[in-house]
Amino acid sequence: MFIAKVTGNVVTTQKVAKMTGTKLLIIEPLCVNETDKTFTSTERSFVAVDSVGAGAGEIVLITQGSSARMTDTTSDAPVDCVIIGIIDSVNVPDGVVYEK
Amino acid sequence: MFIAKVTGNVVTTQKVAKMTGTKLLIIEPLCVNETDKTFTSTERSFVAVDSVGAGAGEIVLITQGSSARMTDTTSDAPVDCVIIGIIDSVNVPDGVVYEK
Amino acid sequence: MFIAKVTGNVVTTQKVAKMTGTKLLIIEPLCVNETDKTFTSTERSFVAVDSVGAGAGEIVLITQGSSARMTDTTSDAPVDCVIIGIIDSVNVPDGVVYEK
Amino acid sequence: MFIAKVTGNVVTTQKVAKMTGTKLLIIEPLCVNETDKTFTSTERSFVAVDSVGAGAGEIVLITQGSSARMTDTTSDAPVDCVIIGIIDSVNVPDGVVYEK
Amino acid sequence: MFIAKVTGNVVTTQKVAKMTGTKLLIIEPLCVNETDKTFTSTERSFVAVDSVGAGAGEIVLITQGSSARMTDTTSDAPVDCVIIGIIDSVNVPDGVVYEK
């Protein structure tokens, strides 16, 4: 899994039937900088199905690949990226990188 | 999933039987630039099976890996990349990145 | 999937039993340059099982991951990369990138 | 699999039900420098489920993808990254890269 | 699959039960340079389960992902990388890149 920031959303009408009703969010993967206790942007973006009620700006936990189908929201759907949690905090031994 | 632009198509006659009749499109993954509200090209290209009737120049939603086999078009086929939707709009909190 | 050029072959005698009799080719992934109508090399190389009778120098279509096991040649084998077609042509809206 | 260092942890309350009770650690993949007998940081970070009782600073073995669901801790969960072992030593022919 | 060089090994005592008795080798992926007929290092390293009796310095064939579980040694184990063959030779149309 990886940590990401929700940066937006995608609207699509013409899509495969199994995707009907899924909420699609744009997420940007973040790296944890242990020394500076900050997040570093990866400058990349993916589209994830939301299974936990996340919103723009929130820091979330992302699962990819076949494991992305292991939630009630995504079971048997052509989904390879899902938000499985909203992150409360990210901690390193000598401090806090992020707190909601 | 990720956002991509359809840039062309691939024709192949000599192929495995399960691929007969599939439409193969060239797609270029795009990144969302939240600040500029633009897409950035990744300068990469993949070949995806079309399951929604997409055409050249359209902005589409791509699923990869085993999840690419979860559509009626690609079920049990040796396919690891599929177009699952045509994107209407991509939105960030303070604006619109793309609108069809 | 992605487009690749067959650049060579690999010979291996000491291997897992399920790989007996498979033809192993070296392939180099290519990117499609839409503007110049050329292929760009990725300078990477993979080894793919041939399921269509491809030869050195040919431009082929590659499937990766679990989907690489969805051909008769690769079913149940420890194979994560397979050639599923020989490409006849690659086309962009205003021209031809490749023709066999 | 790859070698990684545990650099921190992630706390998440609002998450999919199947993730309840899993310990989430931040890990940083390392490369082995055979000549210098040192680890090189990849400057990337992932979140892994701990299945062996690992702690911050430890050098661990990571499995990704669908194989990450093949432990008792992660079976059927939306997990694509798991710690499957705590590393005692990493050895090259003419020396030791790491010893716990 | 890809070509790699075995550069060392990993020892781990505290691990998930299914990994007991597996031999873990460090491998470095190589790229084939068709023009120079040499291998180029990728400067990366992975840990692979050995299923063919490989040793340090040998050039081997690697399978990743769920396909890495398709050998007798790795079946049902949390393994995403396996050595499936020891390479005898790597050939390009006008010469030999490697011979054991």
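Residue numbering begins at 1 within each chain, and the chains themselves are lettered A, B, C, D and E in the order written.
The rule we apply is simple: contacts are C-beta pairs under 8 Å (C-beta built on N, C-alpha and C of every residue); 3 or more make two chains touch, one makes a residue touch a chain.
Just so it is clear, the structure is predicted and the values come from calculations on it, not from any experiment.
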Between subunit B and subunit D, the fewest steps along chains that touch one another: 2
Classification of the subunit D:subunit E interface as same or different, half of numbers criterion: different
Angle, in degrees to the nearest 5, of the Cα rotation that carries subunit C onto subunit E: 70
Between subunit A and subunit B, centroid-to-centroid distance (C-alpha), Å: 20
Geometric centre distance via CA averages, subunit E-subunit B, whole Å: 32
Multi-chain contact sites of subunit D, meaning residues that touch two or more partners: 65-66, 68-69
Arrangement of touching chains [line / ring / star / complete / other]: ring
Ordered ring members, subunit A first, subunit D second: A, D, E, C, B
Subunit C - residues contacting subunit E, complex: 7-16, 18-19, 24, 26, 28, 43-48, 56-57, 65-66, 68-69, 76-81
Footprint of subunit E on subunit D - complex, ascending: 1-3, 31-32, 34, 51-53, 61, 63-72, 82, 84-93, 97
